[in-house]
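Going in written order, the chains are labelled A, B, C and D, and every chain counts its residues from 1.
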Amino acid sequence: MNKVKVGIVGLGRLGKQHAENIAFRIPNAELTAVCSIVEKEIAEVQKNWGIKYGYTDYDEMLENKELDAIFISSPSSFHCEQIEKALKAEFHVFSEKPLGLYLNEAEKVAKVVNECRDKQVFMLGFMRRYDKSYVYAKEKIEEGAIGKPILIRCYGLDPTSAIGSFLKFAKNNYSGGLFLDMAIHDLDLARWYLGSEAERVWAIGDSYEYPEFKEINDAETGVALVKFKNGAMGIFVADRNCAHGYHIETEIIGTRGTLRIGTIPEKNLVTVFDHTGAIRECSEGFLERFEQAYLSEVEEFINCIIEKSQPKVTVEDGVNSTALAYACKESFETGKLITL
Amino acid sequence: MNKVKVGIVGLGRLGKQHAENIAFRIPNAELTAVCSIVEKEIAEVQKNWGIKYGYTDYDEMLENKELDAIFISSPSSFHCEQIEKALKAEFHVFSEKPLGLYLNEAEKVAKVVNECRDKQVFMLGFMRRYDKSYVYAKEKIEEGAIGKPILIRCYGLDPTSAIGSFLKFAKNNYSGGLFLDMAIHDLDLARWYLGSEAERVWAIGDSYEYPEFKEINDAETGVALVKFKNGAMGIFVADRNCAHGYHIETEIIGTRGTLRIGTIPEKNLVTVFDHTGAIRECSEGFLERFEQAYLSEVEEFINCIIEKSQPKVTVEDGVNSTALAYACKESFETGKLITL
Amino acid sequence: MNKVKVGIVGLGRLGKQHAENIAFRIPNAELTAVCSIVEKEIAEVQKNWGIKYGYTDYDEMLENKELDAIFISSPSSFHCEQIEKALKAEFHVFSEKPLGLYLNEAEKVAKVVNECRDKQVFMLGFMRRYDKSYVYAKEKIEEGAIGKPILIRCYGLDPTSAIGSFLKFAKNNYSGGLFLDMAIHDLDLARWYLGSEAERVWAIGDSYEYPEFKEINDAETGVALVKFKNGAMGIFVADRNCAHGYHIETEIIGTRGTLRIGTIPEKNLVTVFDHTGAIRECSEGFLERFEQAYLSEVEEFINCIIEKSQPKVTVEDGVNSTALAYACKESFETGKLITL
Amino acid sequence: MNKVKVGIVGLGRLGKQHAENIAFRIPNAELTAVCSIVEKEIAEVQKNWGIKYGYTDYDEMLENKELDAIFISSPSSFHCEQIEKALKAEFHVFSEKPLGLYLNEAEKVAKVVNECRDKQVFMLGFMRRYDKSYVYAKEKIEEGAIGKPILIRCYGLDPTSAIGSFLKFAKNNYSGGLFLDMAIHDLDLARWYLGSEAERVWAIGDSYEYPEFKEINDAETGVALVKFKNGAMGIFVADRNCAHGYHIETEIIGTRGTLRIGTIPEKNLVTVFDHTGAIRECSEGFLERFEQAYLSEVEEFINCIIEKSQPKVTVEDGVNSTALAYACKESFETGKLITL
């Protein structure tokens, strides 16, 4: 097969990283079209990287039959609609998380995905499942290294330095809130590692330093405690105000051992010793921490297209993670225990 | 003042450690009497350490007016009654945690403590407050190093190696269960670091590897999520089945920084490198981990008697921690959200 | 400019990794020819990756004027001759370390490199200079984070698991010995970080577990202590028998602070807790540890060709590192202090 | 036996710590006399701690036959003479390291120690041998955990904060220099762990930030490389200018594994996360790092007196460590390789 020709929608920070990976680091893919509502972004990318097509209108891009696959990294509220349109136009589709901001739209899109399953590849951007350390932990668990997993603890902490841009974005775009936007990766990971779906949840949270979160009905920091159907438990901490950087930590406690991934969100292998002490500097953001995973997930998507297979992350992973995130959100908003 | 003459009741693992500290490591104290229902324990300690008096009957010991202070390290269900008797007999009293297994008995004893307050010292064995690392964290917080504390996460994990002896003990003595027996230290620490009392709690847990826990209506592993009155949050994990040892870890997340105490429960400063990797061996039990704290708390108690002051840990700390532990237990047993 | 067309000689472990990187991960390069004395290796690579030309004779490959650049990853004893030939045939040249096994041949080849400097790119494979952590440390030093560097300590420890294949190789191919073959990277790094050349050296070492090293006049483990011209000091430990894996650690002590790179040769971000303790598993070999650096150095080489510039690593770095390695070797063999 | 009555000479930082330990933390010992040339120090200690006798003259103290044992923590240049006098006056003797500043005086005193061996206890203050982590490492080695030890690396780094007081002291008192004063503990440890004596040494060093060290013919930072008689190797780094604190690190590399003690000189179990990163604060000085060891060695000394045995550290350990330190010093001063 020839190179897979890709059109991408959304050229924000992550969208641009995906675009760059497709253009320069995936030998079997070619970035053929870019789409954004910001004309300057299109012009820049087309010029610098020599991209053939540029669109400000998503529907127009879908009419370009030179393309094989569509990459969606637009704001979350557009995902469901754009996925459905692209699938119906017979493209392979990669969409950033979350699948959707509401359970019913997620379920609706899942139906479409499953109808196209025989001919088209659909993949959701749960990139952590492609991070070397997370993959290693999964293998360890499957080898039985920690017995049966009974408790997972997940930290998804965004750096304080990113608060300004997040608040600016969130005032104009409904992000879904802390649990749908931030914790969604962790909720998916918990399902993956525990091999079970959530049953009951209690979530709490508040705005502690930045009252702006309260103004948009969101939380600065939140915690959810989840009981899973197989009896296992999950603790989820999501936070927008982490002083030391981008801290993604996951712990899986089993009956015979425990795994921790990213106990300290080390930037690299350097330890600095000065009058402060022994310092491990920390990761600054998701593009730094998950550079390898963002590349590997796209490799998987392109390979699936070439080899006519489906990725390990399924649309049901998207639906169920969204359902759990939504339950967390509801519990946080009502103060009640929620049964899924 | 002359040496403080101490009588101790209970010569189990911890009781014996207290006895040894009083006998040999506190210059201003003298171990004058020991009391236990196990005659052999008394005989052994009296002979090896040259202790003047031995009793199998607690009331009899209280009649010995040569004594200045009573140390209580008997099973938890005896604490309240023994504290009350010793106070009424005009002794200074040190009692192991928890203050009591039921809220009403804890409140009753608190009343007695407060009535004797002018003349007698009362102290509860929340030894972690005397551990160097915990004290250091408290100072850091008070200096403002992490801004305002908003989330505390506490792990109290007992080693798998201790399960056998615990189950044997728990079948004959009501321990109060996982939250009153194990988590009580963490609940006290949370109140201390957050400077607030609990408002609502949801607790879950189960028996995963050892069905015996279910048989005694207890949990092998449990998690409680707590909302505090000042808006802060607490996560408490208690566990009887920790493969790698005795793992006590506490994390305090603030608006400007975070502190972690005991991320890895390091046995000492040695790292072993072998074909397995780079290994930090872990602490085996509470006597190993808190050796210094167990000594320091007794020094504080004896100093308070000599200097006619009261320790920083108050009986209200005991009452409120018991109330919170009891709420966790109730939530775990009923599955409901509990408001304190 | 079009893609840089590369021919590579040597398809051992590292050679094959270079070949794969050029073929699949460097968008501006194309792997056009492979050369090896092992016909099977050529056939395999040509078939699997679709490589146009295959040679068993190096001179023959140099006659292929379709090529722009030659990559040398043959055994060390061939480097000097192959570099010289390729340069004289007007190709750009990348050579694996060391530049040469003897100082005079290294100096001779340096002369040729410098004569071709205006038209041809020459680069030596000191890949650590392209590793993110090493680059970060260099930047820190240049920012003044540790004051003036006064002592560097370098560990270059090969895993015990690789001893068998090394001894098999070394019996048939003169590797140059522990200091020229293993320590050469560290000697180069020391010069880079300290900004000075070596003055005096004492080196010792022995065979402790594997007498075969003595039989080939080499050491299993060796240590060199070096005084540099600017007064700084260097400690170099090279070892073929490291039980816990591939351990590359570098420490730079300055007058105001210290940097350590790779204190523990962590395989990934996972910590495993089991009955053994808290375990960081270790890196297994150079391809695992330096995956990113091996790719980045080739990117630099290809970019230099395209942009008509020269890489930061110069042929003098090769000559001087070889001179120092040779002095270590001489000191180890004679037991004397050697002045450079 | 009754309590061992101790007289101490020298009330500097360490002397005072010893005095306090004897007075308050060793139940079988009694601090009966203190001796110092500083009258104020005597008065203070006598008054605050209720010590019976105070002397400004050492010989006078030795006439007090109420005493059982003499503790020597005066400046190093007095050790040999004071040890000899105390032994001849029939006291048990504990002396701080080093045994002596010159090999001949050390050998002379060793002779006296051996003559008194049957009746009197002599012990040298190599306290690291009593530190829990060092003891643990020794046990591991004896169990065969790392195979045969072949390389030891020792860091003895004093904090920058202590330079002022050291330079002030060293201008008036001959300390013996970096190797005899600082590295002596490490040289002893190396002999202990390797089970062998030194054969050849090369030592280098310089003054990098503080020219005052050169003025007193000493080094700010020095490194010695030592070949031992059994083929093992030793690397010794001694430094007066460590920005991050008091850094004592020891690594023992064996044929089957490696042990590291104090990789990071952690102050306690707290990790601080702030905008700087994840910080382990460091130990500030020897009294903080070796608090437990300083107490344990005195316990051993007192127990030896009571049980009529001899401590594991012998006077030969003192002689041989001094001989090696002296060889390091000579090599540093002459630039030559020294054979012992």
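To be clear about the criterion, contacts are C-beta pairs under 8 Å (C-beta built on N, C-alpha and C of every residue); 3 or more make two chains touch, one makes a residue touch a chain.
What you see is a predicted model; the values in this text were computed from it and never measured.
The chains in contact with subunit B and with subunit D alike are A, C. Placing every chain at the mean of its C-alpha atoms, the farthest one from subunit A is found to be D. Subunit A and subunit C have centres, each the mean of its CA atoms, that are 38 Å apart. We define each chain's centre as the mean of its Cα atoms; on that basis subunit A and subunit D are separated by 57 Å. Each chain gets one centre point, the mean of its Cα atoms, and the points for subunit C and subunit D are 42 Å apart.
Counting only residues that touch two or more partner chains, subunit C has 146, 243-244, 256-258, 263, 266-267, 271-275.
Put simply, subunit D touches subunit C in their complex at residues 146-148, 150-151, 153, 202, 204-206, 208-209, 221, 223, 225, 227, 231, 233, 235, 237, 239, 241-244, 253, 255-258, 263, 336-337.
By the touch rule above, subunit A contacts subunit D in their complex via residues 160, 243-245, 247, 264-267, 271-282. Within the complex formed with subunit B, the subunit D residues making contact are 24-25, 27, 132-133, 136-137, 140, 145-146, 256-263, 266-275.
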